[in-house]
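Paired with subunit B in one complex and with subunit C in the other, subunit A is shared by the two complexes that follow.
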Partner chain A sequence: MSLELDLATGLLYLLVFPGFAFLFVYGLTAEYLDRKLYARLQNRVGPPVVQPLADFLKLLAKESAVPEDATARIYNAAPWTGLAGVFTAMLYVPVWSEQAAFAFEGDLVVVLFLLSLPSFSLFFGGWYSGNVFSRIGTTRTITQLFGYEIPFFLACFAPAVAAGTLSTSGIVAFVEANPLYVFVLLPAFAIALLSLQAKLERIPFDIPEAETELATGALVEYSGRKLALFRLTKDVELVVGAALLSALFLGGPAPAGAIEGSVGLVAGVVVFFVKTLTVIALLTVLKAVVARLRIEQMVDVFYRVLVPVALVQIALVLAVGLYTNGVIP
Partner chain B sequence: MSEKASGTEIPVGPQHPSLKEPANFTLTVDGEVITGAQMKLSYNHRGIEQAVLSKSYIEAIYLLERICGICSHAHTSAFTQGVEELLDLEVPPRARYIRTLIGELERIHSHMLWLGVAGHEIGFDTLWQYAWRDREIVMDLLEEITGNRVHYSINTIGGVREDLTDEHCETILEGMDDLAERIDFYQETVPNEETVRMRCEDVGVVPEDLAREYCAVGAVGRASGVPTDVRKDAPYAAYDDVDFDVITDDRGDLLARTVVRIGEIAQAIRIIRQVAKRIPEGDLKASAKPPQALLAQVPEDDVVSRYEAPRGELIHYVRADGTDTPARVHIRVPTLANWPTVVESLKGSYIADTPIVVAGIDPCISCTSRIGVETDGNHGGENAFDLDELREYGIEWYDDRSDVERPSLDGDERTVSGGTRGDRA
Partner chain C sequence: MGRIIDWARNRSPWILHLNCGSCNGCDIETIDALMPRYDIERFGIQQKDTPRHADILVATGPVTEQMAPRLKRVYEQMPEPKLVIAAGSCASTGGVFYDCYNCREGIDDVIPVDMYIPGCPTSPEALIDGIVKLLAESGKEAQAERLAEKKPEIVEEGTPIDEAVPKEPDADRTETDDAPQEGADEPEPVEV
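Showing the complex of A and B:
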């Protein structure tokens, strides 16, 4: 393949699919579906289709003030870093086949790191905005980060251990070849779902922004364009997180991955939508049926319950691996 | 005010998302734990007690009804019952039953509203939406009977203004059947939902001795094991003719208050069913005389009237000077009686519990708002002002405000920049 063609496909990946344009549209659509389903579960009507876009554009048009007490540079840069992180992460997550847009051995670690960026950007933005509610919110963001990252990493490493690779594409190929692993990995999938919910700061883990306690916490001072970026980050993070979970635990494009040619491509994308929307729907239902926890209760649940379960899951995966390789009779 | 505790100070209110009305809590926090709490009330002087003095007893009913949008019937009932006592009027049974009916419908609508708000405060928005949807059953009934959703205007001195038809009774019974089903659902699910338990159990605990010491009223007192209920202790309207239980609990936490309030809704349904089935025939008013003729007979006397409002014991004091306007009306609302327990139970709680602890007493700030002046005790050695002194004090206070230091955050050096955000005395 010539260098020009490489560059062109690279740009296509980056800007159109599965990069910027696709994530923007799918992120807003996911927000709409999330809000609509949430509303229907609560017996409300819910927003119209264009509401997320209208909210986004309206915020763009509004004044984006910087508080007097804020450290302006960090305050202004924070929204961009989180957004850049989640957009980049998507390039390493397989969408239409087992092969992601870009892949190398160990890209799973990079994806996990990039998915942590929004929390850190929220921390820096909130901490340096010079508001007491923001500070409490950011302290909670970081406390919560320590709570969910370890179970989340452990859960994501379970399929990696099974596949013997740290490449997301490699894991997808492995689970596709051994579909029964989807069932072996179910506990890890559940842990990853809960951790993702905590990562996205949604009920019952919306402790850092807790509207009724902290008036949205870290985001208190943000307005206009910068707030719009933070909200877009949340939407895109939801989609990327769902895509990562469907790739790691649900076999990515399987069973469409085996189909050759452009039909396979389309089928792969359809399967991608079905699986990611299932993950999003699960997160929405969880949001609708519980109350918000307190920060110490959240950390308690994650450390006391989810970490041991994740460790048992990895042991289980190892045992299954040894069994299938004939080491254990 | 109280002693200064070290740590970060968080102002909650007068504008805060968890408070829909103005009140201020200054919380001193150490990490996530509240070490000190102070409260300020009365950001909004409404002047209703003063305004009533320029109205006749009849006009006063409509003004007092507007003290609160939730317990409007409680205020008019307490006032009219007081005036009836002054006039020595015997309210006919049918009118007493109608008053009971409206009062209990109002209690259901207030408690359902609270249940929704409590759900929202602990981040359980689905409970909020469900409770408010089911509350519409009662709102529709109230609208059908009285023509209004919140200000029913049904009380008048000596009786009620609207009659209840047989069709009304049937719709009420149907509505109660629907509602009873929903309440069974809440009684079963809400106290047993794991996250609700985690957020409400052992939170904002008011032990029985504290509840007695601070004279907690209504559901707050009953959830702490103090079985006070004016409906049983000093029955008014038709409460001595109907069967109902006073719901109590001895845990004193927020879960207990939730259970008590849901239980009270169930009891209210029971009362309403009895009223709708057994309402006697008869007159609506004690006397056929025009109201002006009645008012001409008001003697020179005073009276204290008690009523069990949805939030607890409501007291109206009325002093009559023999004219057709009251000489003094003073109102002690239940929220005022319950505030001290909030300040006490906030100490030692988590910041995250603030909204639900505050909302736990079902505060009504529009009821509570009276004029409140902090004095330094230097005005003639008394905490009393006449109007001119008060005006002078106000001017001085606002002049001094520009010199007030802004609160500091963790030892941050912060400059004084006029009266902007976060500024307080």
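Showing the complex of A and C:
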């Protein structure tokens, strides 16, 4: 392949699919579906299809003030960091086949790191906006981060241990080859779902936002364009998180991955949508049926319950691996 | 471009509710309007928790002396463009608190108001209708401004901008609205 062709496909990956344009559209669509399903579960009609786009455009056109007490440089840079993080993370998650747009050994660690960037950008933006509410919100964001990151990492490493590789594409290929692992990894999938919900700061883990106590926490001073970027970051993070979970635990493009040619490509994309939308729907139902926890209850649940379960899961995966290799009869 | 932004603004009004010394009647009705029964998310209306996110300030109550500087401050904290709705009789004129020693006479004593919604208390339907009408009105103003920018000669020649905007047929109003309603104003024949 010539260099120009490489550059062209690289740019295509970066800007169109699965990069910027695709993530933008799919992120807004995911927000719409999330809100619509949430409304239906509350016996409401819900917003029209274009609602997320209208919100985004309106915020772009609004005044974006910088408060007097804020540290302007960090305050302005924070929304961009998180957005850049989630957009980059998608490039290492397989979409249409077991091969991601870009892949190398160990990219799972990079994806996990990039997915925690939004939380840190929220922390820095909130902390340096000079508002008391946002300071309390950001301390809660960080406390919550310590709660969910460890179970999330442990859960994501369970399939990595099973596959014996730290590359997302390798894990997808492994689970595709051994579909029964989907059932072995079910507990890890549940843990990852809960952690993703906490990462996105949605009910029941919306303690850092807590409208009734904190007036949206870290975002309290953000307005206009910067707020639009933060909201877009949340949407895209939802999509990337769902894509990562479907790749690690549900076998990525599993039944369609074996088909060759352009038919396989289309089938792979369809399977991708079905699986990510399932994950998003699960998260929405969770959001609709439970109420908010308190911060110490949340950390308690994650440390006392989910970390031990994740450790047992890894032990289980090791045992199954030894059994299938014939070491244990 | 301006048209797209107008469309987006009309589709996504985020409101901030502020109690300026209301008797709580109007507040309960405002909260009522946010409940699933009225489902204002259909119009893209969302209740926001901080002035920085809001487009429309829904203020209730006659504005007590203590609340006046705070109302002003919240108004100033909202990013442009912003609109203000005075919800309830008290917010519009002072209502039952008129001429009270510790109250101002309505929201417009302190900040500019774009829409008055009367009622003691105002009903949720009236509030939702008010927000929708206010958006239509502000959309027309924005349209007039765009036109004035594009064709400055209209303004220079002395035609008011409002009249220069072509009138759109009002889809909501049916003919029956305009037709004089017979017998509506006639007093009942009194039989002796």
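Convention: the second predicted complex is superposed on the first by the 329 of 329 C-alpha atoms of A that agree within 3 Å, B and C clash if a C-alpha of one lies under 4 Å from a C-alpha of the other, contacts with A are read in each partner's own complex, and residues count from 1 in each chain.
Basically, contacts are C-beta pairs under 8 Å (C-beta built on N, C-alpha and C of every residue); 3 or more make two chains touch, one makes a residue touch a chain.
Just so we're clear, the structure is a prediction, and the values are computed from it rather than from any experiment.
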After lining up the shared chain so the two structures overlap, which partner does A:293 touch, if you call subunit B first and subunit C second: first, second, both or neither?
-> first
Based on the superposed arrangement, let me know which partner A:206 touches: subunit B (first), subunit C (second), both, or neither?
-> first
Check whether A:64 is in contact with subunit B, with subunit C, with both or with neither, and answer first, second, both or neither.
-> second
Return first, second, both or neither, reflecting whether A:220 touches subunit B, subunit C, both chains, or no partner chain.
-> second
Touching partner for A:281 - first (subunit B), second (subunit C), both, neither = neither
Partner chain(s) touched by A:136 [first = subunit B, second = subunit C, both, neither] = first
Should A:259 be classified as contacting the first partner (subunit B), the second (subunit C), both, or neither?
-> neither
After superposition on the shared chain, which partner residues are touched by A:50: those of subunit B (first), subunit C (second), both, or neither?
-> second
Have a look at where A:35 lands relative to subunit B and subunit C in the superposition and call it first, second, both or neither.
-> second
Take the contacts of subunit A with subunit B and those with subunit C, and give the residues found in both.
-> 42-44, 133, 211, 215
Touching subunit A in the complex: which residues of subunit B?
-> 8-11, 16-18, 29, 31-32, 119-127, 129-130, 133, 193-196, 198-199, 350-355, 409, 414, 417, 422
Which residues of subunit A touch subunit C in their complex?
-> 35, 39, 42-48, 50-51, 53-58, 61-65, 133, 211, 215-216, 219-224, 227
Flag every residue of subunit A that touches subunit B in the complex, lowest number first.
-> 41-44, 68-69, 130, 132-133, 135-136, 139, 203-204, 206-207, 210-215, 288-297
Complex interface listing, subunit C residues touching subunit A = 4-5, 7-9, 11-12, 36, 39, 41-42, 44, 48-50, 52-53, 55, 79-81
